[in-house]
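The structures come next, written out as structure tokens.
Two complexes come next, and they have one chain in common, chain A, joined by chain B in the first and chain C in the second.
On to the complex of A and B.
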């Protein structure tokens, strides 16, 4: 058997094993709601969930809700990541800034993200702006931590090469510090993407004015429409999964210069 | 007539503070290097040979004394002084081509000139066809070729090489030494190479500077008056190598050897003893070349 087909088989086996538990859970779910083991008002049948999904998709504007959530997520994620990378670069490369700001940042990052919500709602209201600020903070923190670490561990050997080749300060940043920190930055951005999606849902729960998948779930709970809640939860999971995969693919592409250890 | 003091090192002392102790890495070292000359520096570890090289290249400036290059005091790195390190120190995120081009980043060449120089340089070090390869795809020897190309691409006046072949296997090393010699002959660049390999030092150098450790001093400068390219197996070369080895040994010997070194008489006798192993004719030639003139500073 060729290496390629062996890898393919291994991948197929891996996927099959990974799917075992979700499928088992779905079967248990379906059986228990069909046989009346659980109250269908608390756990609706799969069929019911499927029909609700269809209704939301066709009659109501599920795609619209999703795109509102996603655009909020993406706006906050980009703002948080970009500000985070710049902020961490300044901290990592300026001794003064590091001494002045890093201790305070390390203190502030200990505060739970959710603890910011009352402050944000008072400063920014309950609207779009407040939600994006919250999402941005969620992305900002892991991006700053990882970028800072990455910049700090830029190889001294290469910094010396830059010195010998008379790099300007800007060239040092763009040619040495940023690329050598790229693996860490990618980890931070990847985490930031996941956190920002969690925060998007959190913002829609806690700053519950406006639309979005989170609001849809809140609405489902209020109308005791558990099927709708389930649809919302499924969508959140699927989007999170998709974002994770996209981030992984982008990471692999950007870091293709790294040695592949098989 | 080439400038005999192209690189002029005068009474250079370098001290380092290590855990509160002062260590003298170099103790009033003086050395003049002529334009177009190939000087190799050998010595046991701790003799300050790499420190001397870094000072000459301008990577380190914490010394006392005077270092000049082409009549100008060395105050920091310059694009006129290329440097090749022991490790290739390539940027892992750049292809070979772009790594070499880093050497031209801040030069005055136009974009087209830069492209041409990079292509030529990659060709010169025998990496044609690997322009788009990333460093992790290269063997150790190929990576070092790229490192040399980066050091040479800006056509520096002087190239400093810090044990450039130290990490390579014997065969690759021998081939790269030969190629470096060719490049030197063709490009007429002054080269200063630090090594702990005596064979390499005598094979490449017009003069071999032997240093002694603690504190770092120049023990002796051995001229190698043989035309390039050299025959590795030549008896003359072997003879000079033996002499360099002997001087080196005397630098690392324990205290009982030190008083012996102080007096020229016994030293001469010891070297003659070693020389007796090689043919008489060689012996005579070597004496003509005043190999044993003490140039200790």
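On to the complex of A and C.
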């Protein structure tokens, strides 16, 4: 009981402390924009931002824009991570594939993600296809790197056990390599989810035809509508946060067997 | 630092034996590794030679090569790369130092962590790219904007990894420090920082990668010079050869940064090897 109450107070302290700076910042924000200390074009009042959010939500179908961005994100993410896991499994388990492909992959990976956008836009246009390809590449890279790393560091003992038990190649993959690489794969997929959201935003900024939250922000910037930009950026953050949480929960669930070992 | 000997010995043995088989094995490996790029380039060459795809979609490798030589010769590529590199270095240094300070604060003090972490996490949720339009409104499209965006790219991974690294230093080690009556400074310098060093290096590595990505992003959106600008410009003119040369340069610089980080990481952590020997 006492441990529980100690935990409770600890939690309360944490929440109180965590809220202190944000609340202070909000107060400073409100005061400085109300008193005209800062040009309201640069720092619109909270009320203004709130009204903009309301307007976008109710009149301008913000949810619609968001779902467009999200479906792009998810489509690209699934394509990229599934292809990535398969690709990395092949690289990690086949010596030939590893020697042939891994160096080239490592070379291509050096090219910063966003630098692909002009090329993609020439090859795939500015439409949905180009955006999803880009998001998929963004998810693909971290998934491959982490899956590969995880499979390569499968414990030697386990591999030997597999030999001793005369596992078929498929059995070795499903019983030894995949389970022991699972934590790394989860990390890769988690990173892939974050990167794919970044890429979704990037795709909407740079392949600026069509709708979505990113396009909304770009429009806000073009009209010098700081409140709209803030709403958009806030939503980007919120989605990023939600995706991160979901990935974290999924990871914890999938890896729950590890806790027993520890 | 004898306690690290066991965990690292296998790695250093590998590198020692790797040196012995250096030449023959390496040459074969390189040859195999080059097979794919060479055959792809061949396919590319055939494709453009036979006109399978229009020139605007896939210029011939010879054309891209001659553009590259031309752009190197005229100093154009060097100029743009220099502009980009300067931005990254300045932004990265600011961001990494701020991230290191923040991460150490969060890792060492529970109080600082409580106060700062929620806000920091909220801040980190928003992709660096997301901030660009907002910052453009405030700072315009000048150099300040670029430095801030690049610094932000480095700050988040740096702070996260530093904090996590410090947190992950085993309590036993810190207790050893207590037993030896280390001062706070000694504990920090001799136990916590060496323990957190690999994580801090991970932070530097991710930070530099993020800075580099952020640079390309900010240059794509708002720039009149630099490699990102070269990409946009080539794209607008439908000069795919220029786009490809810019991409190759971006990749090469990214690769060089990665390698030099590797080298400095090995150098800074050479004590691990000494322990193992």
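Simple rule for what comes next: the second predicted complex is superposed on the first by the 245 of 262 C-alpha atoms of A that agree within 3 Å, B and C clash if a C-alpha of one lies under 4 Å from a C-alpha of the other, contacts with A are read in each partner's own complex, and residues count from 1 in each chain.
In the analysis below, contacts are C-beta pairs under 8 Å (C-beta built on N, C-alpha and C of every residue); 3 or more make two chains touch, one makes a residue touch a chain.
Computed from a predicted structure; not experimentally measured.
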Side-by-side fit of chain B and chain C on chain A, or clash: fit
Apex chain A: angle to the C-alpha centres of chain B and chain C, given in degrees as a multiple of 10: 80
Chain B versus chain C as contact partner of A:211, first or second or both or neither: neither
Partner chain in contact with A:179 - chain B first, chain C second, else both or neither: first
Partner touching more residues of chain A, whether chain B or chain C: C
Touching partner for A:55 - first (chain B), second (chain C), both, neither: neither
Partner chain(s) touched by A:152 [first = chain B, second = chain C, both, neither]: neither
Minimum C-alpha separation between chain B and chain C after superposing on chain A, in Å: 9
Doubly contacted residues of chain A, that is, touched by chain B and again by chain C: none
Touch list for chain B against partner chain A, complex: 57, 59, 77-79, 83, 85, 87, 89, 91-94, 102-103, 105-106, 134-136
Contact footprint of chain B on chain A as seen in their complex: 157-158, 160-161, 163-168, 171, 175-176, 179-180, 182, 257-259
Residues of chain C touching chain A in the complex: 29, 32-37, 56-57, 111, 114-119, 121-122, 125-134, 136-138, 212-213, 215-217, 220-221, 227-228, 231-232, 234-235, 238, 240, 243-244, 246-248, 250-252, 254-255, 258
Chain C partner contacts - residues on chain A that touch it in the complex: 13-14, 17-22, 25, 42, 99-104, 107-108, 110-119, 121-123, 197-198, 201-202, 205-206, 217-218, 220-221, 224, 226, 229-230, 232-233, 236-238, 240-241, 244
